[in-house]
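Below: a set of structures, written as structure tokens.
Two complexes, one shared chain (subunit A), two partners (subunit B, subunit C).
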Partner chain A sequence: MSVDIIFKIAAIGILVSVLNHVLNRAGREEISMMVTLAGIVVVLLMVIDMISNLFNNIKSIFQLY
Partner chain B sequence: MNMEALQIAGLGIVAAVIAVILKQQKLELGMYISITTGIIILMLLIGRLISVVDILNYIASRANVDSMHLSIVLKVIGIAYITEFGSQVCRDAGESAIASKIELGGKIIILSLTVPILAALIEVILQILP
Partner chain C sequence: MMSIKIICSVIIVVCSTIIGFRAANRYVLRIRQIRALQLAFAQLESEIISYSTFLPEAVKKISGVVQEDIGVLFNEFADRLIDKSGDSVSEAWQESLRVCKKYLHINSEEIEILTAFGGVLGASDKESQRSYFEILQNQLKNQEKQAEAACSKYQNMYKSLGLLGGLTIVILLF
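So, the complex of A and B:
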């Protein structure tokens, strides 16, 4: 389990917020919403993997079957 | 070996700074930072947890405790762990209603696991009584 993933998520978040600002200034609100949604889904996919890993570990340690 | 405490504290501070920065821009991405940090810290501690549970199993087997009872205790601890994690994530996101429902679910599941032990205890008491 590496700490890199925190910085990865932070980078994605900063990128998404900058793109959001730029697109809002250019008057493309609908595309900026799509960018936000895409960023959220990408990070969610990364986080869900870790959550399932953690839950599986806890399940096997505490004999929850 | 004991450097893990420093590791966890440093990781927590760095992640808190990042989460505060991201929450100003996008609340949901700051939430992901806090979830990820929680998972990484728990994963760092899981090795120690395994050794503690192994020692508990060893002590229980030496004391001839029924393995069913220890496994129920472990199950209760695991359910408490998971539901606490989920409810804290929800409370962090400002959804305290969902968080208390998760806690209620965990409590009811724990209750349903422990009721058989209570029934067995009452059986024993009824056998002792004339």
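So, the complex of A and C:
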């Protein structure tokens, strides 16, 4: 389990916020909305199997089979 | 392995930055070409109104003077007129606009204005020609203003978009 993914998500977050700012300043609100959504989806895809791992672990710890 | 990764990341960032700068540069080129068109039509007007030069000769003369890409357009137009291929002036003008479209960075609105002007070019007496030229210059001036507004709005956006897009791709792939 590496700590890399946290930095990766942080970097994506910073980039998306800067992109959002730039696009808003240029008056392209709808595209900035799309960029934000795309960022969320990408980060979710990155963490989704970790989340499922977490749920499996919880299930096995509390023996909820 | 790590060094290959870093080199490839740098290449991706540089390429996307270049793409962003090219996209931003389109707006600058559009303003430049509209200004060149204004100059070219002012010259054409003086050739026609003051010196009463034949249209093909006047167009040929102007094609050598103005900025390159606009010069290509006028050169094509002059060649079509001199060839006497059977086209009318407006047909020759439309055809040369169509052929030279890839050199021109102006948008469809300006193309429309130019096409409409081709329909009246050389088709009436001096006085009405002068008023047509005046109308064309006013329209081009309006387009120039619009192009300047768009340029100041989107130029910085495309530049930063290129760089940030490249960085995003690199982070996702890393």
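The rule is short, and it goes like this: the second predicted complex is superposed on the first by the 65 of 65 C-alpha atoms of A that agree within 3 Å, B and C clash if a C-alpha of one lies under 4 Å from a C-alpha of the other, contacts with A are read in each partner's own complex, and residues count from 1 in each chain.
Simple rule for what comes next: a contact is a pair of C-beta atoms (placed from the backbone, for glycine too) under 8 Å apart; a residue touches a chain by one contact, two chains touch by 3 or more.
Computed from a prediction, not measured in an experiment: that's the story for all the values here.
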Fit or clash - subunit C, subunit B, common subunit A: fit
First (subunit B), second (subunit C), both or neither touched by A:27: second
Touched partner set for A:62, first subunit B, second subunit C, both or neither: first
Superposed model, subunit A: greater residue contact from subunit B or subunit C: B
Contacts of A:17 with subunit B and subunit C, given as first, second, both or neither: first
Touched partner set for A:51, first subunit B, second subunit C, both or neither: first
For subunit A as apex, the angle formed with subunit B and subunit C - C-alpha centres, to the nearest 10 degrees: 170
Touched partner set for A:37, first subunit B, second subunit C, both or neither: neither
Minimum C-alpha spacing, chains overlaid - subunit B and subunit C, in Å: 15
Residues on subunit A lying within both footprints (that of subunit B and that of subunit C): 12, 16
Residues of subunit A touching subunit B in the complex: 1, 3, 5-7, 9-10, 12-14, 16-17, 20, 36, 39-40, 43-44, 47, 50-51, 53-55, 57-59, 61-64
Residue ranges of subunit C in contact with subunit A within the complex: 153-154, 156-157, 160-161, 164-165, 167-168, 171-172, 174
Subunit A - residues contacting subunit C, complex: 8, 11-12, 15-16, 18-19, 22-23, 25-28, 42
Complex contact set, residues of subunit B against subunit A: 11, 14-15, 18, 21-22, 25-26, 28-30, 32-33, 35-37, 39-40, 42-44, 46, 49-50, 53, 71, 74-75, 77-79, 81-82, 85
